[in-house]
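There are two complexes below, and they share chain A, which is joined by chain B in the first and by chain C in the second.
Moving on, here comes the complex of A and B:
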């Protein structure tokens, strides 16, 4: 079977094309990393380059010497992501169980209740006023609760998965005297691990990458998540002083490379977890597209 | 006679089920349904201190103000135009990637390439904006360095209005095409393999198989996803545009969309009523479009509809 085909030219083009696009996807990240370890004076003279004349870890050193800002926002981001994701997955999965339970008579109405919110959004201003009235401003909850803690699309994803499980599971548990709480937590949720992994990642990523809640609801610098610190550093000059300062005046901080070092530090967790987790995303998308 | 077993009976019989769904219902009630009444502030001169009931009613003045301004045409056009570009180029790129991937036999290559292409999807637009700065920055950017090294003049990209729709499209495709191709690839994988085998027996070449089998059978999936995206055409991608453009007013003529405009009206200009008027207009038109798109999808592709 394994004959060497001589000139399958189209196949060569296909492989090259795909490899080229893949390389293109990686390139900006590689550039960012290289810049972050480039010597600042070389950077100022030659601009950004994939092959700098001289390397330097100065940017990371300043970052860690001024770890209070980055360190604190790291803690904020991790706290928000962990708590938010746990809460979101719990709420979503519990609701999905009920929507997938054929014994529930008002299932249709409940589906509609959630579906309407996917069709019609009140928009930014009413949302903002509600958050203000609930006191969701300038505290950790403001980063966790609004917008991110429930997503109807994820719920329907889990519901579809649960509907594909055999109904006899539920019925036989009822006969054994179990109520819906027991059926949900003991039988259904453990069986849903694949789809739960997917929505966990969806939620976690949304939390980790979020800066919208911060820009809308948080003014206190101590509560800035990482992404928002990055946004601030880029958008206004005075925040630049956040990164490297307190040094003597003669000392010019490696501003350009430090910016990129901050980026690298921010995407660090994603880069490390990505190889292990990406299959759940693919799997989840496929589940969602089969019936969705 | 069964009538007597009404909703109370149902609620108590399935009490645990209703209990399980309660948190989600409350969440949606607070952050969706309870926000709807506040759309009325579009007809007011709203003050936070006086609230919804205490603020002065001024009829359609906020709408008049918006539609008389030169901003209206600009942001409505930008929103729709950018979304059309995103949908068009995004779909073509994703379908093309999926079709190409389907031709790849080497599993390791396929896995590696796919993993790499999905990666940008995991980055926030803030991160992407930094990477773009590395490419487009006037003084340090790689692109300008390349231009000067071949003897061309460097371009000040961050003031070059007409280039930005295309830069944004490029970044959108860069970030999302790999991810979106997964859905199409899943649809291709579902195609009956005997079709390709019989085509091969009839002497069809690779291109003919793609044209006559893969693409026609992929058409419903493409149509469904495109329709659903068209339904969202009135919603700008705030996360993307504001992260990349920010408050760079020079670029507003080609990049300012409804969502960034509403954001500025609310948070920077501090005029909630004006912002709400634009937001209400967007919500209503957006609703009609999403509803229509879903209705069409449901009519022609039964299983593709959102609901």
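Moving on, here comes the complex of A and C:
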């Protein structure tokens, strides 16, 4: 009994601390949700509150009155995220596999080439010109390809992971007559699942949260992703301070609750990615901890 | 040998993207002409013998839902009227306006006309960069109506060294700027019938009203946009009037000397006014963190004793004051005996991009727009019965989308409107209509057309503005004491490079005066 009590006390503290921290992390989310279902007049009178006097679903009703906009951007966001992530992960892993292979000639130079992109960037103007010249305007590809153009950091993450795998795997596969495609897809990639899960999450989040490509390259309203719809609400409100005084104001900002409702709606499916990918992370931590 | 090869291949790899850049750059230049030319193709058959050119107008904002339908109607009318110009609008989101416009200008993307907000990035800046075109000849040839509906005093704001670089949007009378709105409903409640003529009277009146107001939402003095707008109204009190404060940092006196605004006696007096208001609980205690939207809501609801500038939408105000009458909100000035001045001309203008292939198209289009009420209505308000309804002579009622918030179509007047044709909400108050009436008695301040080009002192300007926001604003708004804080704040301003900015201001103002023969 005594020993149990002794070990329990710190654990209780740790659990309490962690619970508190988790609650603090959740608080903004909860508040956002509560505000989104708060009655607008109460909101104006009392400001944000976790325990509002009156609830109302008006914000969601207004939002879904315009369901075509939200619905369409949902479709755009999901399409872009799924296709973009798959493509980006495939390209990244294949590049990593190549660079992790000690038999590749000029591997050092190639590594350096990729590494440089992490240090310097060409800047906005060349980026814009290239995108325009590639025809990446006003189409779904404009939302996918610019971010596909490779994140070297992710590539190095995968490369390092692959380098830690025993080279003998490759050698023995070669001896059994496998070519590089088979080695990569049948042997290396399945072993890299933890790191692939990590970069999948990175890419998926990047695609889901991206609005910059939309701003710069897409004018067609039918192709606006969700985050851009949110961004627009914000930038339109900022605009109010820029238009001259006395100008007939043709823009009414959405109600406070409507803004929060939009935030809640945009969080959508991406939150489910975390728990799904989490088991791979844990697996990744365990891998290699016990040498057999 | 192997090493050399390695080095060589690295260099080649490094240079590859660069060469890709330059290649695409060239092709961008080469291709720039074609889209407008091809865009006009299908229309040629329906038009007269002259080629129809597409005018691409780039402006900030969000494309209204019904613009495609309106565009079709506008283009049909343009063809019928024999203008041979097709209009195409490209809306750039507010959040990306500056960045994307600059990209378009620097990559020579094909477009013709764009909007310039002089108080944000001045026309002078674009002229300095060579991004806009001199359109004097085109205006002379095709701009007959433009000269009619835009007065000479406003044109001088877009003229540099005798060349016209843009067409100003003359949608309101700038002389209105020095006035304030008085809420006579609240004033009456407190037994005040005489409108204040001095700053002191203003404060006293507010205090009396505050004492009679019940409830939580007090009619605090709303200060729109911080320093920028507060100034004009109060400045009429000072002996040095007229003078103007530009970019919130530079004081331009009637004597032609530019001073650091925070260092002037006038700043001190303004700050004393707001300090007094703050101490007597007449301005919002949370003034520094008060959000723009909250302020807009207060102004919309009409819940104020005095408002610097004109009131907003009367429909919203009626929610607060159901029995409100036109004479309950009036436009006043401190020291009404002093002359009225236009302090800022041509704040919003439309310029033609330097690489535009059809500079005459922009002028032809604007000339058509300002030719008659019918054309103006079509482009500004859309299709009657579908996007708006006429109400009486000058009234307009917009038709809203299903969310009951968004308008189906409207072109913002402040970008391209004209007060000869402007329509407004039918129940607009007289206090607001004053905006749309030319004031023959008003005088134009000599520096009303002067816009500072900050490109020479960009870094200093950004630093100075940051210090203004963090240190000067609280002093000006009366939240902290002037005597206690001003020395430290001025010190910081100097460290941020205010002297260099003011010197550059002076240089540009002198050049401006010389060019105008002042």
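Observations on the structure shown:
The rule is short, and it goes like this: the second predicted complex is superposed on the first by the 224 of 292 C-alpha atoms of A that agree within 3 Å, B and C clash if a C-alpha of one lies under 4 Å from a C-alpha of the other, contacts with A are read in each partner's own complex, and residues count from 1 in each chain.
As a convention for this text, contacts are C-beta pairs under 8 Å (C-beta built on N, C-alpha and C of every residue); 3 or more make two chains touch, one makes a residue touch a chain.
Source: prediction; values computed, not measured.
In the superposed pair of complexes, A:265 makes contact with neither chain B nor chain C.
In the superposition on chain A, contact is made by A:92 with chain B only, not with chain C.
After overlaying the two complexes on the shared chain, residue contacts for A:184 are found with chain B alone; chain C is out of touch. Once chain A of one complex is fitted onto chain A of the other, the partner contacts of A:197 are absent, as it touches neither chain B nor chain C.
Greater residue coverage of chain A by touch, when chain B is weighed against chain C, goes to B.
In the superposition on chain A, A:113 contacts both chain B and chain C. Contacts of A:146 after superposition on the shared chain: chain B is touched, whereas chain C is not. In the superposition on chain A, A:219 contacts chain C only, with no contact to chain B. Of the two partner chains placed by the overlay, only chain B lies in contact with A:19; chain C stays clear of it.
When both complexes are overlaid on chain A, the residue A:275 reaches chain B alone and has no touch with chain C. Overlap of the chain B and chain C contact sets on chain A: residues 106, 110, 112-113, 116, 122, 124-126, 128-130, 132, 215-216, 231, 234-235.
Within the complex formed with chain A, the chain B residues making contact are 7, 10, 13-14, 16-21, 23-25, 27-28, 30-39, 41, 48, 97, 100-101, 103-104, 109, 112-120, 122-124, 126-135, 137, 139-142, 144-145, 174, 177-179, 182-183, 186-187, 206-207, 221, 238-239, 243, 246-247, 259, 262-263, 266-267, 272, 275-276, 279-280, 282-283, 286-287, 290-291, 294, 303, 306-307. By the touch rule above, chain C contacts chain A in their complex via residues 6, 9-10, 13-14, 17, 20-21, 24-25, 27-28, 60-63, 90-91, 93-96, 99-100, 103, 106-107, 109, 117, 119-120, 171-172, 176-177, 216-217, 224-225, 229, 292-293, 296-297, 309-310, 312-313, 347-348, 398, 401-403, 405-407, 410, 412-414, 424-425, 432, 435. Chain A makes touch with chain C in their complex at residues 44-45, 62, 65-66, 106, 108-110, 112-113, 116, 122, 124-126, 128-130, 132-133, 215-216, 219, 221, 231-232, 234-250, 252-254. The touching residues of chain A, when paired with chain B in their complex, are 10-11, 14-15, 17-19, 21-26, 28-29, 31-32, 35, 43, 46-50, 90-92, 94-95, 97-99, 101, 103-106, 110-130, 132, 134, 146-147, 149-150, 152, 155, 179-181, 184, 205, 208-212, 215-216, 227, 230-231, 234-235, 256, 259-260, 263, 266-267, 270, 274-275, 278, 281-282, 285-286, 289-291.
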